[in-house]
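Letters A, B and C mark the chains as written, and numbering starts fresh at 1 in each.
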Amino acid sequence: MDWVWSHAGDLWSLVLTHVGLSVPPIVLGFVISVPLGYWASRSAAARAVLLTLGNVLYTIPSLAFILLVPVVLGFALLDAKNVLVALTVYAIAIMVRSAADAFASVSASVRESAVAQGFSPAQRFLRVELPLAGPVLLAGVRVVSVSTVSLATIGSLAGIDSLGNLFTDGFQRDFAVEIITGIVLVLALAAVFDVVLSLVGRLLLPWSRRTGRGRVRRSAPAAASVSEQVA
Amino acid sequence: MAIEFRHVSKTFPDGTTAVEDFSLSIPSHETTVLVGSSGCGKTTLLRMINRMVDPSSGSILIDGEDISGIPPVGLRRRIGYVMQNSGLLPHRTVADNVATVPMLTGVPKRKAREDALALLDRVGLDRGLAKRYPAQLSGGQQQRVGVARGLAVDPNILLMDEPFGAVDPIVRDELQQELLRLQGSLGKTVVFVTHDIDEAFLLGNQVVILQRGGRVAQVGSPKEILANPANDFVADFIGAKRGKRRLTAEAGASGDEVLLVDAAGYAAGVITAPGGRLELATAGSSPKSRSVSNKTDQAGDA
Amino acid sequence: MILLLQGVAWLLDPANWADSATPGLLSQLLGQLGITLASIVVAVVVAVPLGVLIGHTGRGRLVAIVASNAARALPTLGLFSVVVIALTLDPQWLAPVIPLALLGIPPLLAGTYAGIEAVDGQVVDAARAMGMTEWQVLLRVEIPLGAPLIVGGLRAAVLQTVATATLASFYGFTTIGNSILLGPDSNQYIPMIGGSLLVTVLALAIDGLFALLQRSSAPRGVSRGARRTTNAARGRFITSPAGTPISRGN
């Protein structure tokens, strides 16, 4: 523990670096995936293409991905953008499927009745479909957030600073305390992100709490968590 | 293979009481139908016979032997069971599905398959379907396979849990007739569960009308129940006072025929009444303004 | 892009596949597959019986969910480092196998349990009512019908393990990571690119193999309706990127 307190400043700056590395992919992944997922929910062909592509990209091992990004895009090898790009691609790969399922979960009769009431397509999307897809979208972002925070540590092997530095450095110095500190910090950061996201969800989707509290909160994230692992 | 329920009660772990102090004698070689609306405990009662459910108290006897002493697996293998959605194993062919239980009990594969083909004949299915998978059959065909499977070990007892509940009315009609024909030649002890009173009266030698909690409202033959509903609940349940079971004779048909109309005023059929008088199978009573049940050709008192 | 082609050329040069002063690509590939196989065997031995038990009895589902959540958040590199340092293991090859098996367990557990649990309750009920023993219900009904999801769990576990096994090079074990880490460690970019391509191709090839295996693991008779089943499963597991391991390593 002494080591932790004596290095609190360094640890804090690593935490901030890690936040900087993981927040943009989560946000970008969400913003890019929502329209793609909407498209996939409307067209079977789009769904097939997007989800297959996402699957293939997701299968690429992350260390290889991070190291191939600069080769393909012409960035410098030690550019943090390499990790950002790789993590964003992974985020999209997960999130597009979530978003497609989220929009598919909006019942056709609700959509029909919105059309019948005279909503324009844009109004219908923003005021009906997006909010109703919200709970499932939220569950998807939470999955993306946790895995992105954890995955960002791989960057350290490619020379990009993150909390993963504590693992490589701790290993080379044969110093378990440093490694364990890193693990705890990553888990804590993932937990903080998750809490923030669920608070944002409560704020933006108050109706999902009031009307279907048990259903939405229990079924979506819990089911997601198990099935993530299942092909 | 008579079955006897003695003061059977069942309370599930979540505290709901499905059956309370239920007693009944089920005669052998006949069809007994348990009928009631959902939640009356009829399926629970049925499932107690092959120990899919064990009673909380009371006992069930088959030919005088208390089944609580019989290991469930062995008991189930000698009792046929047909359920609503056929419950066929989706990954096995029709023939293998029918042969499942015989194979469990050690009948050689080849023999079991041959027997299965014979059973398909028996339930009116083409042998060409033997190699198909359940998903490739229609609902009615699946139910026939389900019946064949129930009969595969030539059990003395056949339990049927709303077996025709999920098929369309025309197919249901066919299946009911098929079952009557089969039962006519096999003479199994059939226990049949349904919520459809018409089905109960059609198939049952003995009909048991159940109220909530497995309370017996009335037991008897269809004739007895229609003629003398034990109480308002039964009368209401069988529709004796209204609807299509309440027929009235109307003049107007030609010659000796009298038109029968139901409570809604729809023509339900005609009955022969020489000189305007109804001839009753049983003796005596006044001819005018009487109601007749259509389903059972049974005249009852107005 | 020139670099990419150079990487391909490097991969195609037989000289790079033979051992020299350091292990060649063939040894690296075999090392990667060996570590993966050993880890998967351990993971299967632990996770499949446990998943079957949870799926069959319906007990302990919470454990399965919490375990897969935790695994998703757990950084692979950290787990790897701490196991290699903290445990002195004999034989030595256990060092990468333990963290990799730990990471492979959650997807396998979840797949197995979800596969068993997804089997139509009516079918299981009918099997029992016909007089199948619990073992017969399990072996003849639940496992064959749950096989596609179980194989799906295996697929996720294998993909994750084969990708993460690359990290073992950092800890002194021979895998394709040997070539990859030459880049960041000693500025040898061509082997880095070649190795990255090789491990990518390996992962995609294994994924493709499993896609085929998963299709053929659907028992005949349900394969016709398999599409329906899959969609139903998707409906249930709403945000699942089917076929994608979520807690990934390298």
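Methods note: contacts are C-beta pairs under 8 Å (C-beta built on N, C-alpha and C of every residue); 3 or more make two chains touch, one makes a residue touch a chain.
Treat the numbers as computed from the prediction; the structure is a model and nothing was measured.
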Pair of chains ranked first by number of touching C-beta pairs: A-C
Label of the chain whose CA centroid is most distant from the centroid of chain A: B
Per-chain Cα centre nearest the global Cα centre, belonging to chain: C
Rounded Å distance between chain A and chain C, as computed from the means of their C-alpha atoms: 21
Intercentroid distance (Cα basis), chain C paired with chain B, Å: 51
Euclidean distance of C-alpha centroids - chain A vs chain B, Å: 56
Complex interface listing, chain C residues touching chain B: 120, 122-123, 125-133, 136, 140-141, 144-145, 219-222, 224-225
Residues on chain C engaged by chain A in the complex (per definition of touch): 1, 3-4, 7, 64-65, 68-69, 72-82, 84-86, 106-111, 113-115, 149, 151-153, 155-157, 159, 162-164, 166-167, 170-171, 177, 180-181, 183-184, 189, 192-193, 195-197, 199-200, 203-204, 207, 210, 214, 233-234, 236-250
Residue numbers on chain B that touch chain C, as the complex places them: 47, 50, 52, 73-78, 81, 83-93, 100-101, 104-105, 133-136, 149
Footprint of chain C on chain A - complex, ascending: 51, 54-56, 58-65, 67-68, 71-72, 77, 90, 93-94, 97-98, 101-102, 105, 136, 139-140, 143, 146-147, 149-151, 153-154, 156-159, 163-164, 166-168, 170-171, 174-176, 179-180, 182-183, 186-187, 190-191, 219-220, 222-231
